[in-house]
Amino acid sequence: MPVQDGPFSALHPIAAAAPFCGADPVSDEGIVLDWNRETRVGVAEAVLCAGKTTEQIARIVVLAVTRNRSLLLTKLDAGRFAELEPTVRERLNFDPLSRTAVLDNGLPISVPAGVGIVCAGTSDLAVGVEAQRALAFHGVQAPLIADVGVAGLWRFLDHLEQIAAWRIVIVVAGMEGALFSVAAGQVRGLVIAVPTSVGYGVATGGATALHSALASCAPGVVTVNIDNGFGAACAAIKLLRMFAPSQ
Amino acid sequence: MPVQDGPFSALHPIAAAAPFCGADPVSDEGIVLDWNRETRVGVAEAVLCAGKTTEQIARIVVLAVTRNRSLLLTKLDAGRFAELEPTVRERLNFDPLSRTAVLDNGLPISVPAGVGIVCAGTSDLAVGVEAQRALAFHGVQAPLIADVGVAGLWRFLDHLEQIAAWRIVIVVAGMEGALFSVAAGQVRGLVIAVPTSVGYGVATGGATALHSALASCAPGVVTVNIDNGFGAACAAIKLLRMFAPSQ
Amino acid sequence: MPVQDGPFSALHPIAAAAPFCGADPVSDEGIVLDWNRETRVGVAEAVLCAGKTTEQIARIVVLAVTRNRSLLLTKLDAGRFAELEPTVRERLNFDPLSRTAVLDNGLPISVPAGVGIVCAGTSDLAVGVEAQRALAFHGVQAPLIADVGVAGLWRFLDHLEQIAAWRIVIVVAGMEGALFSVAAGQVRGLVIAVPTSVGYGVATGGATALHSALASCAPGVVTVNIDNGFGAACAAIKLLRMFAPSQ
Amino acid sequence: MPVQDGPFSALHPIAAAAPFCGADPVSDEGIVLDWNRETRVGVAEAVLCAGKTTEQIARIVVLAVTRNRSLLLTKLDAGRFAELEPTVRERLNFDPLSRTAVLDNGLPISVPAGVGIVCAGTSDLAVGVEAQRALAFHGVQAPLIADVGVAGLWRFLDHLEQIAAWRIVIVVAGMEGALFSVAAGQVRGLVIAVPTSVGYGVATGGATALHSALASCAPGVVTVNIDNGFGAACAAIKLLRMFAPSQ
Amino acid sequence: MPVQDGPFSALHPIAAAAPFCGADPVSDEGIVLDWNRETRVGVAEAVLCAGKTTEQIARIVVLAVTRNRSLLLTKLDAGRFAELEPTVRERLNFDPLSRTAVLDNGLPISVPAGVGIVCAGTSDLAVGVEAQRALAFHGVQAPLIADVGVAGLWRFLDHLEQIAAWRIVIVVAGMEGALFSVAAGQVRGLVIAVPTSVGYGVATGGATALHSALASCAPGVVTVNIDNGFGAACAAIKLLRMFAPSQ
Amino acid sequence: MPVQDGPFSALHPIAAAAPFCGADPVSDEGIVLDWNRETRVGVAEAVLCAGKTTEQIARIVVLAVTRNRSLLLTKLDAGRFAELEPTVRERLNFDPLSRTAVLDNGLPISVPAGVGIVCAGTSDLAVGVEAQRALAFHGVQAPLIADVGVAGLWRFLDHLEQIAAWRIVIVVAGMEGALFSVAAGQVRGLVIAVPTSVGYGVATGGATALHSALASCAPGVVTVNIDNGFGAACAAIKLLRMFAPSQ
Amino acid sequence: MPVQDGPFSALHPIAAAAPFCGADPVSDEGIVLDWNRETRVGVAEAVLCAGKTTEQIARIVVLAVTRNRSLLLTKLDAGRFAELEPTVRERLNFDPLSRTAVLDNGLPISVPAGVGIVCAGTSDLAVGVEAQRALAFHGVQAPLIADVGVAGLWRFLDHLEQIAAWRIVIVVAGMEGALFSVAAGQVRGLVIAVPTSVGYGVATGGATALHSALASCAPGVVTVNIDNGFGAACAAIKLLRMFAPSQ
Amino acid sequence: MPVQDGPFSALHPIAAAAPFCGADPVSDEGIVLDWNRETRVGVAEAVLCAGKTTEQIARIVVLAVTRNRSLLLTKLDAGRFAELEPTVRERLNFDPLSRTAVLDNGLPISVPAGVGIVCAGTSDLAVGVEAQRALAFHGVQAPLIADVGVAGLWRFLDHLEQIAAWRIVIVVAGMEGALFSVAAGQVRGLVIAVPTSVGYGVATGGATALHSALASCAPGVVTVNIDNGFGAACAAIKLLRMFAPSQ
């Protein structure tokens, strides 16, 4: 990996002096995929692309193709996706809004399972679709209801009957995150809050929405990290597999 | 004010060497009351007791009595109140829940004025009553509806018709402060948010409720400092006096 | 509620001028209990005692007794409990470690339901027992395994077989909260993290443990507010009732 | 919305498996506009463009055109505006300084209403004009006085007579926000503070100005989120409509 | 210093095994006073009592008495002062408001030097007097003008002529600290800001006032730590001694 | 200023409906320069370019040229400078490292005045030169000693004799800012700390260096905002003019 | 552990319904001591008393006595120590300054090992002695040099020869923590920084000192948590045992 | 360094009026290299490129070449590297992943020394390689094991035997940093934690990982600044040279 640049490299192979000590022959790039994660904890290995170089992402896809494994990639910007070589890109089902890609050598047909997603605003849709696609990747079909924030509460109440029928309600909201408490005060299903970084001023970065979820006056709200639609989907999948194994 | 303690004080009157330079003869204790504030900005001088010594508070009450002026004291703990001398205490109408006291040599009869107060939880009542008493001190009678947080939204909706008739709605809430957005999404009156320090964990100190008010997705919410029921009342009084001078 | 103190009170009943506008005859103290919460959202009304006055807590207990309802009180310090009148105290099953009390006119027999609690350290036990008692209040018997933090990982691994059989694993940890990720990387059940305020320096207040739960590298961890054992129990109860209604 | 990219898309229409569940036929993009907001809460629906994709913004404009509705767009960067198609752009009255655009099929003639705007510095002008244009959008003509910060207090005092005549004074200031307190200590009108993100070092992001507004020693200051000129305008409009319905 | 408690102490003098390695015979308690500080940097050694045990404070006073040196003690609470032995107490000129004490074996007569102190509120007086007494300890007589915050700007302007004549203006303010900018925009003397921890909500602890001083739009404001009246006095003394050595 | 874009602008001159209310004929762009600042507070008007548009900066320069005034511009990035028209650029003495420019129609000859600047690292030089040029703009010649941080303390000690002779020592440091305390513990001159945003991790943004200056164990350190070399220079100038008017 | 209080306890043994699931017969109180920690990681099990109840601490001591093991207790306040029963207290060598206690059934004789401790101020001594006693508990005799902060740099330089001879230098400092960088810039030994919570204003809690250690311009400084003298000692012990096993 | 731009520069050489006062003839650019650092503190001078201009970096390399010294450059982005002139670039062994470059006129052959590096994730590799190359620069060959985070604990345990043999274990982790505690609870070697800025939401910037290291429940973990692989390497080198001088 270290680039040998200039006449000194032959004389002083500094990086080469301390070679990587990878776990298996294909991981000499510092990559060790956890292929049996799904068996052990109930959700499949996935790759967080933010923070990785384009080369590392490409290498991971190749490793999965080599093993004939499916793979979900998250936080993959359109710009970064465009940097991948065409032979890699064409193997990925990419969605630029949610910044997710799926490498798929045989996904299950996704079926309804009593899980749904509610987004407070249009801007929260990107994270909501990340959750939706992560659920689909694991075979769970989840409807998504968008733009029903509490500034116009009627939008949420119009869908209340449908939402109240779900066993798990993934609520995606930024800004002040009031929808978490409103929803959790109205339904019997578990509310998994996904705070988003949508907003400005004190809402910048998403901490306000996160803290609203954590401090909710409605009992039983649980939350995941800011913008972590993938994490909410994983929690739902684990529950479905523990409580309703046939799904 | 400096206590002269021990044999050195006669020789070295350190503090006395630099006497306070007060604005008028009665302010040699470092106190300059702004008696014409009500004329200038529309709300009367009031005294924030937190941070002042018992002696300073007592001195201020005496100054007001001397001038035959009314006075509102806020953030006056019951313990601090008990430290005041009986001759001072008996002149004050004290409410331990809201930690307010009124020195009153002729308050106006308070009348309804289209301002009301809504408290999310029982714990927010202390701050709500602070606002209520500050309004009454200025002649404004404001109803208070308590314990109608969004965990049980029906409690708020049960009162919606009454609340929607108010021109100014003071909403008092701690924890995640979702009531600010819910109320502002339902009524035409101005919502003045009073975030409170009620809550624990990430809600400790009130920043979560404050940020929820500021980042509200419902347009037109304004806010005051945490636990500042007095400030919300002042804003309402200023508006009433500008828009409806007869009140 | 406002104390009428001194000769001015008869002339200027300030607080009385704007009476509380309660929802029903028994709520003239600013208390509106949400008795049908259990039907609506799956968990029963409970009372957060932190931030409430002793009088308010006592009044709430009386309201519940009058209606012949059970009630869970949380964050009730031993000192505050001791201030309650004996006639109130004797109706409460109080546990000083978890600061919980139960008013019980006929609790269900609690039964095992595939939910368990793991505490990282002895100091986390208070919050863990809060969760345990909140589950028992709703009829769910949950075993609790204590003092198995990752400083001595063998302690956790010794119990792994038992923990891995649970459908929901409530993990209670303060300090750096590493146990959240370790547990979630090993079991198929949903990990509900309860960060605690145990620790000092950068761990003071619990934000470090909270952030560890949110940023966990193990997929599917969900979290509740710092020290909120009650909230984790509520989430578990909602899930059990949605997925396994007979429980 | 999900882009179908590459040969896998036909076989595995992941996103399509869980279609959006929008509120009306034109909202299949995750957009539900709150057309009756003005009737319900007194201010019209507006669109916060920050956080939305160019496609979403364009779609919203088309929805409004279809319904023959006016619309205000905020936080619309010049770069983003330039990405819109010419057919959309030409329908918008765009101001790059305030990053606002107005889609206008028949705006009211704006009239003076006792509301004015004061900006501390030239850099605060962008947010001040956002407020001014949001007021004009609702038919309120508001004068704006710029660059009168307290470093040269004479600049503010020169305008004091004019400012003191306003019923509502929107004060826009960044850095340390001292102008909020100075103004509120001098005028009878309600001061609505709009802290801005102008400044560097500890003033970066605007929290210093925001906290100055909240902690003001002058009674009755209310505040909105950092850079939220639109929100201050909304509060003013709600008040004008409640107190002076003919406006 | 380690207390030997119980039968193990004789056998295992743990602390004694690693004796303190003090700089001189009288510092075996871990105390090394910097007696030549005044010569080196222009201000005398002083003792910050917060964080020290009563025994350590007493020992320091004894060391100074032994050497026949004067000494200033700061942040000495009245309760802590009361714990000192009478023989120590009687040597100290103690002021409970500013929590300062002076051990004085021959202080200079303090003379006017063009330095003055302005306090925004009565609650800021404690810190202002700390500065005043620290100046007096070094022979500088500084007038103090109190309770002239910007909520009633006339109070400050009434004293403007006097203040404008000072070469150094120590401004003490809590809450939003607007007085720093107002003063610095009006006078030619250097404004040294002393933010205080006076206030609540976002002003708790004093960070809001501190940030206002740092972000001041008026050029040339310098600041010291929150509540550090002593530090502002030291800066003034250093300047006086550099620029006007005869003082 | 609002751009009239598209066919709606003629019909709906929204911004024009509420014209700016500037202080003098040349300030219709929202600019009011404080030309008599130097007389009033001892330092000249200067322009903080960060946060202003290129048009606003150009307009300010033109205003100064019209009045035949000198002007200092700070935080003017090289990129922004390049956007100015050549006729403006050629009137400015621009320094890209310190991001300062001087419009000069007759600057005084700067002379030594007992003020000097010390920079901890090479990266702090930009802020140090900002201070140096702001001093020169006011006629004060200040030597600058660079790259003498405490990692190699000998570098500072090598210059100690020179530094100790200065009456005012401007110390510029980022990262942990240890040089503030080291210098203040060694010299009699006033140390004005200028914390910089140099550093990464916990030092990002400069808060660590700022807090080190404020919490310095060496008495009498004063500080200005992060990266505010200009502010430190202003403080020095004010002192020189008060104490040594001939300078 | 749960207190059975009142007549309901017999009928509803809530806590008893879900018994603790301890790891061994003596841990039914939620305590599992890691007796083989010293073998595994090189330092012995120790007990952080902060956050534990008095009963839990007493129980732990009894467990150690039963097993004939030595034990170190940290953060044990004098007040808490006094609450222990005399039979427990008399087995502990307690030091109130450092809040440490040692249960000792045969400690090794501690010997010099090239480790020393430097404290910046007298107030830091408590944490320094915690480190010293933790080292002694493991058989390492470490000299401690106190009150040598950089405000008077000569105090540190006077000891430089001694300090430079140590292989590991534990530096304990609060406030701005400048001593970390000064020491690390002068010695070859590893500097382990122990930031303390000594200080006020921005130094409150110790974050300023911590960040100074982390952002030090001197290469190779490592740090532990605020006030964690114990942790620094453990690091030193691990190093000594790895590099010089005979010690 | 100041650019003389425009006709005013000849008349008003502002910057030239106050020339830099460098320590030696080659440092007239504000650069003073600490060439004897390695002798004094055990690690060589290195250059943090972040925050320096391209010209400053180039000048430093030239200074080193002139003195025939080796040099390590850190945080040198590939983009910045590309801006250097070819004659400078060709002298540097540059690695874009770790952003390090080595100017080498005779590096030692690096040899194994009982130090190793463990990276939690692939994204942490950049910082891990920075440590590895800094060690190599000082002659220490350190193996690196990558992508063994606790989400799949088996990956770490597979390497436990190898890791447990190291005397110093540099652990590099972002997100929640659980690997620090897991490793420190399993090995006798000193764990030096290097938290990284890898992650999003609450993990943004690396504070969560940093706090996990500091609050670790495993005794003896020490930490360096976020992303400071170089610092961890320096600590290791200092230890090796103190304890095993022949290395």
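Each chain carries a letter (A, B, C, D, E, F, G and H) given by its place in the written order, and its residues are counted from 1.
In this text, a residue touches a chain if its C-beta (ideal position, glycine included) is under 8 Å from a C-beta of that chain, and two chains touch if they have at least 3 such contacts.
None of the values given here were measured: they were computed from a predicted structure.
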{"item": "Given chain C and chain G, the chains that contact each of them", "value": "H"}
{"item": "Chain D-chain F separation of Cα centroids, rounded to whole Å", "value": "32"}
{"item": "Mean-CA-position distance for chain F and chain C (Å)", "value": "54"}
{"item": "Centroid distance [mean C-alpha coordinates] between chain F and chain B, Å", "value": "41"}
{"item": "Chain F: positions in contact with at least two other chains", "value": "37, 40, 151-152, 184-186, 199, 201-203, 207, 210, 214-215, 218-219, 225-226, 228"}
{"item": "All pairs of touching chains, each written as two labels joined by a dash", "value": "A-B, A-C, A-D, A-H, B-C, B-D, B-E, C-G, C-H, D-E, D-F, E-F, E-G, F-G, F-H, G-H"}
{"item": "For the chain H and chain G complex, residues of the former touching the latter", "value": "40-43, 46, 114, 167-168, 184-190, 192, 210, 214-215, 218-226, 228, 230-232, 234-235, 237-239, 241-244"}
{"item": "List of chain B residues in touch with chain E within their complex", "value": "1-9, 11-12, 14-15, 17-23, 27, 29-32, 34, 37, 40, 48, 50-53, 56, 60, 75, 197, 205-207, 210, 225-228"}
{"item": "Touch list for chain G against partner chain F, complex", "value": "120-121, 149-153, 175-178, 180-182, 184-186, 199, 201-203, 207-219"}
{"item": "Footprint of chain G on chain C - complex, ascending", "value": "89-98, 102, 104, 107, 110, 119, 122-123, 125, 129, 132-133, 135-137, 141-148, 151-152, 155, 158-159, 162, 174, 198-204"}
